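So, here's a batch of structures to check.
Look at the two complexes coming up: chain A is in both, with chain B in one and chain C in the other.
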Partner chain A sequence: MKTFLRIIGALIVVCLAALLAFIFVPVQRTAPTEELAADWTPEAGQGEYVMYASDCMACHTAEGGEPFAGGRSILSPMGTIWATNITPDKETGIGNWTLDDFRAALYDGLTPDGRHLYPAMPYENYRKLTEEDVRALYDYFMNEVPAVNNPVEATALSFPFNMRFGIRAWNWIALSDPAGSAYEQSTPQERGRYLVESAGHCGACHSPRNVFMGQDGLTADDANFLKGGEVDGWLAPALMGEGSAAATWPVGEIATYLATGRNSHSTANGEMSMVVEHSLQHLTDEDNLAIAAFLKGEDVGEATLLGTDLALEEAENDHPTTTMLTEAKDLSEGARLYLDNCNACHFVTGKGAPEIFPELAGNSLVTADQTGPLIGIILHGAEVPSTEKRPMRLVMQGYAERLTDEEVAEVASFLRTAWGNDAPAVTAADVAKVRAADSAH
Partner chain B sequence: MTDLPGLPSRRSFLKATAAGAALSGLAVSAKARTAEPPVPLDQYQPEFFTPAEWTFVLAATARLIPSEGDGPGALEARVPVFIDREMMGGYGAAADWYMEGPHQPDADPFRGWQTPLTPAEVYRGAIPVFDAWCQQTHGGAFAELDAAKQDAALTALQKGEVALDPTLKDFFSILLQNTKEGYFADPMYGGNHGMQAWTFIGFPGARANFKEWVPRYNVEYPLGPVSIKGERA
Partner chain C sequence: MARQEKKKDVVIVGLGWTGSIIGMELAQEGLEIVALERGHDQDTVPNFQYPQMIDELKYGVRLGMMQKPRQSTLTIRRNLEESALPYRSLGSFLPGNGVGGAGTHWNGLNWRPMLAEYKLRSHVEQNWGAGIIPEDMQLMDYPVTYEELEPHFARFERVAGISGNAGNINGQIIEGGNPFEAPRSSDYPMPAMPSTYDGAKFAEAAKSLGLHPFARPGGIASTSYVNEYGMQMGPCNHCGFCERYGCYQYSKSSPQTAILDALRKKPNFSYRTGAEVLRVEMAEDGKTATGVTYYDEAAQEEVFQPADLVILAAYQLHNVHLMLLSGIGQPYDPRTGQGVTGKNYAYQMNGGYTLFYENEVFNPFIGTGANGFSIDDYGIGQIDFGTEGFIGGSYISSGQSNGQPIRSMPLPAGTPAWGQGWKDGIKKWYGHSMSIGSHGSHMAYRNNYLDLDPTYKDRHGRPLMRMTFNWHDNEVRMTQFMREKIRPIAEALKPDSMQDAFKKQGQMYDVRPYQTTHNTGGAIMSETPDQGAVNKFSQAWDKHNVFVMGAGNFVQNTQYNPTGLVGGLAYHTAQAIRTQYLSNPRPLV
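Coming up: the complex of A and B.
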């Protein structure tokens, strides 16, 4: 019996020691993946370019705030996470950070004092950045971004998510991939892969989440990489493989969408419109074509931006839905509402118009399991931002005043079965939910 | 749903469906449109017109677009309601017209709006003068005359045979114009009640695009009109 108690006692001591070590022993930082010469300096504009590719602006700039001065709230089910000030201000920003501190934040999600960042910071992806890009980015933030003294509200999540050491365990799973990268970047597809997997952090939204809420698929070697995820109740559609837009759009169309938020088939909505606005439109044509080539698994070839998808013009328009809307007889309530409200821009073919009105036939937002965005757009409209190559801001009006919940449900359900779309109906209760949630803002 | 297109909230790192569901408790009745029938025309309380003016407007518009014959008349289409609301709006106050001087009310009509008065002031000033002229010429205020005398009085007004101050001389032309507007404008402005005028002339309303009909010849368009607010007739 005594022996048994002694064993139990010893086990408890070991467990306690392990727990304390788990909580208090500092986490190892990942070393630089490449030794650069001490006097290595980035080329002019290189750091800013990495910043654009990484979309730092999106999270670290508050609405109407100074660039990178933090203070933007990021809603999560565990509470609000406040994006930090990453200007070189010594008091409230990262002015005291060394290059190693900076790299540790990007690669390991660690602050200089060893605290864990919440994985709202996509360090799962940024840890794939090359040392050159890390150095260039550091140089940009230290020397080109103006310091802004802006204390940001500290993130205070509810228990147990406020126990940041718990993220250490999460990181064991999430960061199992080695940091840094041995990326070849000599062909466009290789360059595209690097951008997608590292700076672009596309997987943060477009890969599904595993049971630990980590990205299920960090690189193209993983089966579920970019097979579709969900963000804020929106479907982040699959970007690779069967059923993805990349499978049907030519390389040039994909690149055009990335650079301008629009192409012959669709427009960028929700989170993606902001990615286009703050990040992708600033990339070179070569890089957007490279990303497209990687996603599609095809060479760039003769593809260019802003071309016209000839397949669209040659498409047959004799689908039964098109015929029914053209005849305008024996219409269901949803079809009648479509003619009265939507047809002016999206047309009886459901194909809309290139670079202006998105196609509704085969549109993943229309047929998504997440019906909130479709309902939200019918109620409140949508907006595509102005981009350098396509400056016209596109605006769809909302129909919240014009249509009742029942009518929105009818028209949404019609869209989800029209022109070969095949998704379950939307109910008036679904619409009421979205309307109430939005008016509670 | 926690974000709208164009209203950025930030991407969250975990699935946020629970957040959307939590908000649904706030659901209220979300009926977007109310379809209460309007008060009958004879019980309508005008906002701009005095009772005497209102009596005139009812009688005059009823002669300009009569109820007998084909199609709805001005009264069925509630044209007087449209004009009453129009007088209270920007048009009645000439809100976006150049109204500084110099004014030359007796200028050639082709010189446009030359009176210092707003359209609302023209109605206010001209109706009693015209009623007095009817009294003197036909033995009763306009609304009290029979249809033939009303038509004769309006014809005289149109031809400039009623002695109006030059500042009021556009009265008939704006009365006729506003009557047509009230007859054919979208019903959201109070006239064209039930889109009767559109139905009568076969106008399909605010459907905005008929591209698929361009190449279809000699095919009857099967749908009735739709209004800006989405009502059908």
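Coming up: the complex of A and C.
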């Protein structure tokens, strides 16, 4: 008995010690993956470019706020996470951070005092950045970004998510791949892979989440990598493999979409329109083509981005839905509403028009299991941002004032079965829910 | 004391087509630019969005997109003896309001003038002698040639996104286009729009008579389009709400679809709305401008905006008004023929037939502002002026622009204008008619001009501008000639009945019915400083850092809608400023 108690006692001590160690023993920081010369300096613009590729702006700048001064709220299932000030301000920003501190945040999700960052910061992906890019990015934030004194609200999640040490266990799984990794970047596909897996952190939205809410697939070697995810009620479509846009669009069209938020088939909306605005439009054509080539798994070849000064004919579609809408006889309520409200731009073909009116036939957002985005767009419209190559701010107006919940449901259900689309109907209750949620925002 | 803003390199007065073009071109030179727009800001969404925009009562009848006479108007008289009275209710012409200007509410009809129109005086003198020119007609040559303008026409057509079929590429006549057009270096950027039934019928009849119909060219997108600035248009759905409306579909060529979002991205360009320019301020030596003073609607105060370069890019009437108020060019005096500013105000001479068919149905629910087919067989370059007894010409077209129920219900003469008889008439005839119209040139005359009104003032205490304008026999003869030429085409179309409306001899100008918003002249370009207000680069002869854009530059009006020439001249000016003026500011001629 005594022996048993002793064993139990010892076990408790061991567990306690392990727990204390788990909580209090500092996590090892990952060392640089490459030794650069002490006097290594980035090329002009290199750091800013890594910033654009990493889309730091999107999270770390509040709406209407100074660049990188933090304060943007990021809604997570665990509660609101406040993005921090990453300007070189010594009091409220990262002005006191050393290069090692900075690298630890990117690679290990650690602050200089050893606290764990919430994985809203995609260090799972940034940990793939090369040492050169880490150095360049550090140099950019320290020397090129103006310091802004802007104290940001501290993130205060409820129990148990406020126990940041718990992230340590999460990291054992999430950060199982080695940091840095030695990427070949000599071919476009290799370069594309590097950008997608590291800075671009595409997987943060476009890979499904595993049971631990981590990205289910961090590299192209993982089965579920970029096979589609969900962000804040939005479908983040699969980017690779069968049925994905990359599989059906040519390399040049994919790259055009990345650079401008629009191509011959579709336009960006929701979170992706912000990614285009703050990140991808600033990449070189070569890099957007490289990303496209990697996603598609084929060479860039002769592919280029769509040019300017050009007329593009809309696609034909002789599907029975097209015939039915053209004849416009004995229409269902949904089809009639389509003709009265949507047809002007998306046409009887459901093919829309290149670069401006997205296709609804075969559109993954239209047929997604998550109907919130489709309903949201019908109610409130959508906006494609102004970009360097396509400066036009394209706005689809909303129909919240014009259509009732029943009518939105009718037209959405029509879209989900028109031109070969095959998805279950939307109900007025679904619409009411989206309408109520959006008006509560 | 007016508030003073920080000095800019360039101030642009008005943000419509020409202001946007000059803004974009000069922004590429890295200059600091501000544009001052009297009206409000407006964009496709929310200002033109469906279905609010397609409200005929609000926009078609109550003219929601036009300037309000209480904001800005002018006085009008028909001859030197009359007292001019303020144009208190818009009728004959409709100046636009707000960002985009007339470029937002036009029909989209886009043309290059015919070859004969650039050197019209020489054309007349060489072929028939100066003797055929009426004594009071101030017929002039443009100081710029078609060859000089050709690349700029092509550029404007590509930027604006024009649909059409070329008829003459580098001298080679192309089937399906206008064989009488001046040779172009390239085709239109988009193929021609399809035509409605009326246009197709007209084309068939015209062809059967040996004439040369072609699809009417216009700034209505027949496909998706991306221009050189990366700006975009979407294919038109033929809803029929073009003129008097903003396009909800991104399908009509306008500063909004062709330029403005690209311009907004330029960090060195900004614009202020609610900023009505009151006058251009001059340096003490009187040779240059120092900037402009405007009225800031929000702050309710006058503001001085200093600038090295002043671009007048407002509507033709406002540009000339500002020149008269600011002492740019000597005011024109019809009694002496001296002076240049306000000289050669001109307009347009149009007419048309309406054909009624009991048993033909023309679907009135489709159309565009540039729909249908035209012929140029009676264009200005095709007519023997000596034999016919007038100088001028017209293009002739058919193609419905809309079937809007309040204004687009042609009825046979004699149908009651109200009550049951009117209702019966509408029921019987709506969708059962087609029209054929002529759109003709207008020459300049000694007594058609613009000056400052001696009596009426605007809300800022400035004299209103006064228009003196009347029809002249030459134009009436021209339009009656068109009446005779259209009749056989109309007869070949075998309507049950038809009626026509063409100006008759002795008819006086009437400001009440809408005619056309093609006001031209008053800031005409000329070979020498004594003949016009600006040189061939649209640069004020007497103030070298002032450029005056737009149809005010037309020495007399062409037979076409003015936008093509306005756009071509704007790019011509932009190039001159970029390549000749900026490096060495001076009179370019």
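Convention: the second predicted complex is superposed on the first by the 431 of 441 C-alpha atoms of A that agree within 3 Å, B and C clash if a C-alpha of one lies under 4 Å from a C-alpha of the other, contacts with A are read in each partner's own complex, and residues count from 1 in each chain.
What we mean here is this: a residue touches a chain if its C-beta (ideal position, glycine included) is under 8 Å from a C-beta of that chain, and two chains touch if they have at least 3 such contacts.
Predicted, not measured: the structure shown is a model, and the values here were computed from it.
Q: Looking only at chain A, is it chain B or chain C that touches more of its residues?
A: Per-residue touch count on chain A favours B.
Q: Touching A:K128, do we find chain B (first), chain C (second), both, or neither?
A: In the superposition, A:K128 contacts neither chain B nor chain C.
Q: So in the superposed three-chain picture, is A:R416 touching just chain B, just chain C, both, or none of them (first/second/both/neither)?
A: neither
Q: Quick one: classify A:Q397 as touching chain B (first), chain C (second), both or neither.
A: Touch status of A:Q397: second partner only.
Q: Classify the contacts of A:A432 with the two partner chains as first (chain B alone), second (chain C alone), both, or neither.
A: first
Q: Just to be sure I read the superposition right, which of the two partners does A:R191 touch: chain B = first, chain C = second, or both, or neither?
A: A:R191 sits against neither chain B nor chain C.
Q: In the superposed arrangement, does A:H282 touch chain B (first), chain C (second), both or neither?
A: neither
Q: Go through the superposed model and pick first if A:L306 touches only chain B, second if only chain C, both, or neither.
A: In the superposed model, A:L306 contacts chain C only, not chain B.
Q: Contacts for A:K389 in the overlay, against chain B (first) and chain C (second): which applies, first, second, both or neither?
A: Only chain C is touched by A:K389; chain B is not.
Q: I'd like to know which partner A:K351 touches here: chain B for first, chain C for second, both or neither.
A: After superposition on chain A, A:K351 lies in contact with neither partner.
Q: So which positions on chain A get touched by both chain B and chain C?
A: Chain A residues touching both partners: 341, 343-345, 347, 381, 402.
Q: Provide the residue numbers of chain B that touch chain A in the complex, in ascending order.
A: 1-21, 23-24, 26-28, 30-33, 207-209, 211-212, 216, 221-223, 226, 229-230, 232
Q: Where on chain A does chain B make contact in their complex?
A: Contacts found on chain A: 58-59, 63, 72-78, 83, 118-120, 122, 204-205, 209, 213, 230-234, 269-271, 273-274, 325-329, 336, 339-341, 343-345, 347-348, 370, 372-373, 375-377, 380-383, 399-405, 407, 431-441.
Q: Going by the contact rule set out above, which residues of chain C touch chain A in the complex?
A: Spelled out, the residues of chain C in touch with chain A are 43-46, 49-51, 158, 189-191, 222-235, 237, 239, 248-250, 257, 261-262, 264-265.
Q: Of all residues in chain A, which touch chain C in the complex?
A: 260, 306-314, 341, 343-345, 347, 353-357, 381, 386, 388-397, 402
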